[in-house]
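In structure tokens below, several structures.
Next, two complexes with chain A in common: one pairs it with chain B, the other with chain C.
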Partner chain A sequence: MNKVNRKVIRTEDLNFWQKLYIPEIIKGMKITIKQMFLPKFTRQYPEEKWNPPASFRGRPVLVEENGKERCVACGLCSRVCPALAIEVQASETELSKERYPVKFEINMLRCIFCGLCEEACPEEAIVMSKEYELTFFSQEEAIFGKDKLLMPKETLKDRLEFLRQYR
Partner chain B sequence: MVKIQIDGKEYLADPSKTIIEVARENGIHIPHFCWHPRLSVSGNCRMCLVEVEKAPKLVIACATRVADGMVVHTTNERVIKAREAIMEFLLINHPLDCPICDEAGECKLQDYAYKYSKGYSRFEEEKVRKPKRVALGPNVMLDVERCIMCSRCIRFCDEIAKTPQLVFTKRGDHVELTTAPGEILDNPYSMNVIELCPVGALTSRDFRFKARVWEMSATESVCRGCARGCNINIWVRNNEILRLTPRYNPEVNDYWMCDFGRLNTFKYVNSNERIKSPMINKEGELVEVSWEEAIANAAFKLKNFKKSEIAGIGSAFATNEDNYIFAKFVKQVLGSPNIDFMRHIIGKDDDLLIRADKTPNSLGAFAVGVSPGEKGMNFEQILEAIKSETIKCLYVLCDDIAISDDIINALSKIDCLIVNSPVKNNLTAIADIVFPSATYAEKDGTFTNFQGRVQRIRPAIATAEVDRALDGLSQSRLDKFGAPNDRWTKGTKIDARPTWRILVAIANAMNHKLKYNSAEEIFNEIASSVEAFRNLNYLIIGKKGALLNMNKIKYQKPVTV
Partner chain C sequence: MDILISFIKIVVYLGILLFTVAYLVLVERRVSAFIQNRIGPNRVGYKGLLQPVADILKLMIKEDIVPKLAYKPLHRLAPIISIVVALSTFAVVPFGDKIVLFGKEIKLQIASVNVGILYILALTSLGVYGIALAGWASNNKYSLLGGLRSSAQIISYELSMGLSIIGVILIAGTLELDKIVEAQSGWRWFIFLQPVGFITFFVSVFAETNRLPFDLPEAEPELVGGYHTEYTGLKFGLFFLAEYANMITASAVVTTLYLGGWQFPYINTFGIPDFWVSVIQILTFISKVLIVIMFMIVIRWTVPRFRYDQLMNLGWKWMLPLSLANVIVTALVIYLVE
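Entry: the complex of A and B
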């Protein structure tokens, strides 16, 4: 009744062999069978962990230097965060940097691993780590405080060196 | 009047004025650091350089009077180049402190660096090091490195506060701001230098590192510290007041406010002393009860007394609306003429802002009817009557009248003491029924200052029944986008209600039909029934307030003790 006019647009018409289908199927099977004899790539996760490259953006962490955080609680990461995951409360310290974060919390349920916090940070105090395993049993547990965020500078060497290339 | 030309447009100008003043009046912004409309011209920052045709060099707009036929250019290439050079000079020794500086976000130097600077530095040498974290006085912190030597603070102390406490020492790029020998910066207006300072050299010790400015919302309100009623902004984050700053109103406080008002009038709003729920005295102890129970109980108790046994104490800390409803409640619902309010006169008026009357609304409370009716008693007479036990029931509005042992002894004799109060105090401790009332930062309303100027206050803090978004409170970015499981939106909400609503509820429980839905509705009724308020409404009051018809008020100015 209602005849639908559909125009088939094909950039290249199938040739005779392709129209037969069988040779094309054999071609595909060849690749499949070849893979069966090549070395396996399956990783036995979680027994076997993956070590990401320096460019990987895992969960954001705070850089700890000489037992103290580098962070001066300027709040730029918190301001730039598109997901509003970061909360910072500043306070005064006797150190020459004057300010330090008395509270620094990242809501990992909000975090989208975009790395803008790292980019905005004037002190190179918050960087993306290689950690990608994030599981929680409750919403409260997903809010990481300074206890979970602080990481010694040495363990973040890869990332810090990676960032330096682009400064 | 002379004719001058600025950026190709002709303007008529008063020849006693300077280029920067004329430009400002006509909406042309000439960047400046050291110039301020209320301070003398110092002319040292050089930021306001403009080109005047036929003048050999660029001139500073703040110190050059306009003359007939003057042709001024504020945005041509020569001027822009000069500005860039000045900015470069100013930034040479300015530390890269923005991440730790409280001024960041409202910093003139930061803003101008974006607008009028090149965006990069050619300076590779060491910056001059100067002392940081210097406490200039009890309220102001100085960072000498950040100072750009504009001398606004020095001129403020000399000319406005009339207490020459600040000076420059040394020369060249070693200039340091410091207090004069033997002085500290402790004048009653010292904190105004914080707003005056175009950079973060002078910052508040009280607000130090509490929040970044872009995290807070600002609400236009009025200070409750004295009868001046300085216009203020209330800065709130996470439902907590963090600071107050003066808001410009040439008729009341100009650009200034006093340190007392700035520091001591808001902390009670978020204190632990707030009353969290209505309370009833059961067997000598105040027990938290529901609103319904407390209102029913108050209505029941008030019915038990003869009209002549009841008295009401209004409050000069409460709004016009609250006091109007209170006067109506006492005079019409309870039928008693015994109503007055307590005066809080401490010290003397000074020459700038501070008033001896430490309440924001004494004139308004009187004008809307909180004064003894026919054969009614005034405040002192009510106290005497309580002592002689002729007054047996007292309703007190939002004011701690229990300020002396004499008054406390008298009040403990009373059969029924009902109190509206935001915080626990001596009075609530001996009360029979306590209603938690909203503070000035949690409600709509108006105060009347000593000049008879009616000024609006607006809610800045949300109470339990208020939602920031739905009820039109000012919102910060965090308020707008926070979800219920975010810790930064939770903030404490207190279950307090505006005083007028509590009174209306009690009146209704006593079968007197009072019906008001908002403070504005009450104000409109005041405007139609009180002669002095005639023709006023919230729209007319606006941001800067509106004057009462003072001829219609027989108010006796409280005597200074």
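Entry: the complex of A and C
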């Protein structure tokens, strides 16, 4: 006989009590009943929210500094976006920064939360936030303009620090 | 007057049974959640106590879909058979001894049939028709497999069930359930006199009610939903109801036959007024049934499903010889003692 057809050899056979099955069921029930009194893992979601760590990639937002966006409308994010979710229209200002986005839109139905926009951004102007609750009643609602995207720098401190440390 | 009392008894029994069934579903979900370190349904009402109402409403509002090629009369009849059998089995189970209400002695049993156990055995085996017909009439291969499995399973386990009851009948000397309970006064519960019979009966009960170690008729990983794959809405609800009603009836029968029914050991020697004795006996019965039900639920979330051949092996090679041997030994002992 070749090795393939050989029967499986059990190193350990069931003893009498294990073959009886009933003591084993009682053992199993001991475990299940013990589990009933252990702490639960469930999070009561809408009331009890999850606070993600800094490495979490939630929806992308624009960093707002001194009431203005940091963005200089270079268009790199829109260029790198694999899902073609970002649309930027640039315009000029008299400030030293010179350029700013007139229109900055992210289509949240297309966004895949890859974080490439954040990596490509030379100004650290677009970062991934911790927000993960994204629900819409219509497709139009899902296109986030500058009004929804701008977020003060202080609220994004965790992420900015994380980026400085690991990028 | 007697008819009126019977009618009231039927209504109360049905009410209690349906209420318990509804809440049993919730209990099962909560217990299973606790065993799996979850919380379970706790949103509807206080701590989820209104969940059964929501479930029933949902089942009633749902669309009733009947497959185009299903055999419609049987498709409609099958859930009805299941539920009728499940509910009517409960009629002979004695809840308590007698209670004196408004100067009238009321027996706490809808029908004191003199072949009580046979009635239960006959009706529970009718229950398989509901499942088998549902499987056949649905015109779906998975349903059919579920129905077939159910009939094979129930036929093989009914034998050991009937044989293990014979031990009880031999000791009690009667087929009437209330007399059997009376024979178990004090600590003479049949679980102590018939431990092997109790085990074989209890295992067969699991198989008869399609509870988990033996839930091959529905076996959701293999057979989609088994016999109720093609059922929706209230018809599915009826199957669900029948399953849980069967579970309650089964645990009531186990309690009656082996755990001393409504017997509270030596309660008559405590010197409590008769009325309160009856109340305590009813409560004893209910708590015993609840303990058995909890046991069944915990077993469900402990033991994995049997394979089909293992099921048949267990049924024919172990349960049947064991219960037969039990009958012979019991008969011998009774013959020698008398």
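The criterion applied here is as follows: the second predicted complex is superposed on the first by the 131 of 167 C-alpha atoms of A that agree within 3 Å, B and C clash if a C-alpha of one lies under 4 Å from a C-alpha of the other, contacts with A are read in each partner's own complex, and residues count from 1 in each chain.
Keep in mind that, in the parts below, a contact is a pair of C-beta atoms (placed from the backbone, for glycine too) under 8 Å apart; a residue touches a chain by one contact, two chains touch by 3 or more.
Only a predicted model underlies this, so the values are computations on that prediction, with no experimental measurement involved.
Colleague: Regarding the shared-chain residue A:91, is it in contact with chain B (first), chain C (second), both, or neither?
Modeller: First partner only, chain B.
Colleague: Can A:22 be said to touch chain B (first), chain C (second), both, or neither?
Modeller: So A:22 only meets chain C here.
Colleague: Which partner does A:114 contact after superposing on A: first (chain B), second (chain C), both, neither?
Modeller: A:114 sits against neither chain B nor chain C.
Colleague: Please work out whether A:80 is in contact with chain B alone, chain C alone, both, or neither, and reply first, second, both or neither.
Modeller: It touches nothing on chain B or chain C.
Colleague: Looking at the overlay, what does A:123 touch: chain B (first), chain C (second), both, or neither?
Modeller: So A:123 only meets chain B here.
Colleague: Check whether chain B or chain C contacts more residues of chain A in the superposed model.
Modeller: So, of the two partners, B touches more residues of chain A.
Colleague: Between chain B and chain C, whom does A:105 touch in the aligned arrangement: first, second, both, or neither?
Modeller: First partner only.
Colleague: Scan A:143 for contacts with chain B and chain C and give back first, second, both or neither.
Modeller: First partner only.
Colleague: Based on the superposed arrangement, let me know which partner A:40 touches: chain B (first), chain C (second), both, or neither?
Modeller: Touch partner of A:40: chain C, not chain B.
Colleague: Considering only the touch criterion stated at the top, classify A:72 as touching first (chain B), second (chain C), both, or neither.
Modeller: first
Colleague: Name the residues of chain A shared by its contacts with chain B and its contacts with chain C.
Modeller: Shared contact residues on chain A: none.
Colleague: Enumerate the contact residues on chain A facing chain C in the complex.
Modeller: Touching chain C: residues 22, 25, 28-29, 31-33, 35-36, 38-42, 44 of chain A.
Colleague: Residues of chain C touching chain A in their complex?
Modeller: Contact set of chain C toward chain A: 31, 34-39, 199, 298-299, 301-303.
Colleague: Give the list of chain A residues in touch with chain B in this complex.
Modeller: So the residues of chain A in touch with chain B come to 72-76, 78-79, 84, 87, 90-92, 97-99, 105, 107, 109-110, 122-123, 139, 143.
Colleague: Flag every residue of chain B that touches chain A in the complex, lowest number first.
Modeller: Residues in contact with chain A: 98-100, 104, 132-133, 208-212, 214-215, 477-478, 481-482, 485-488.
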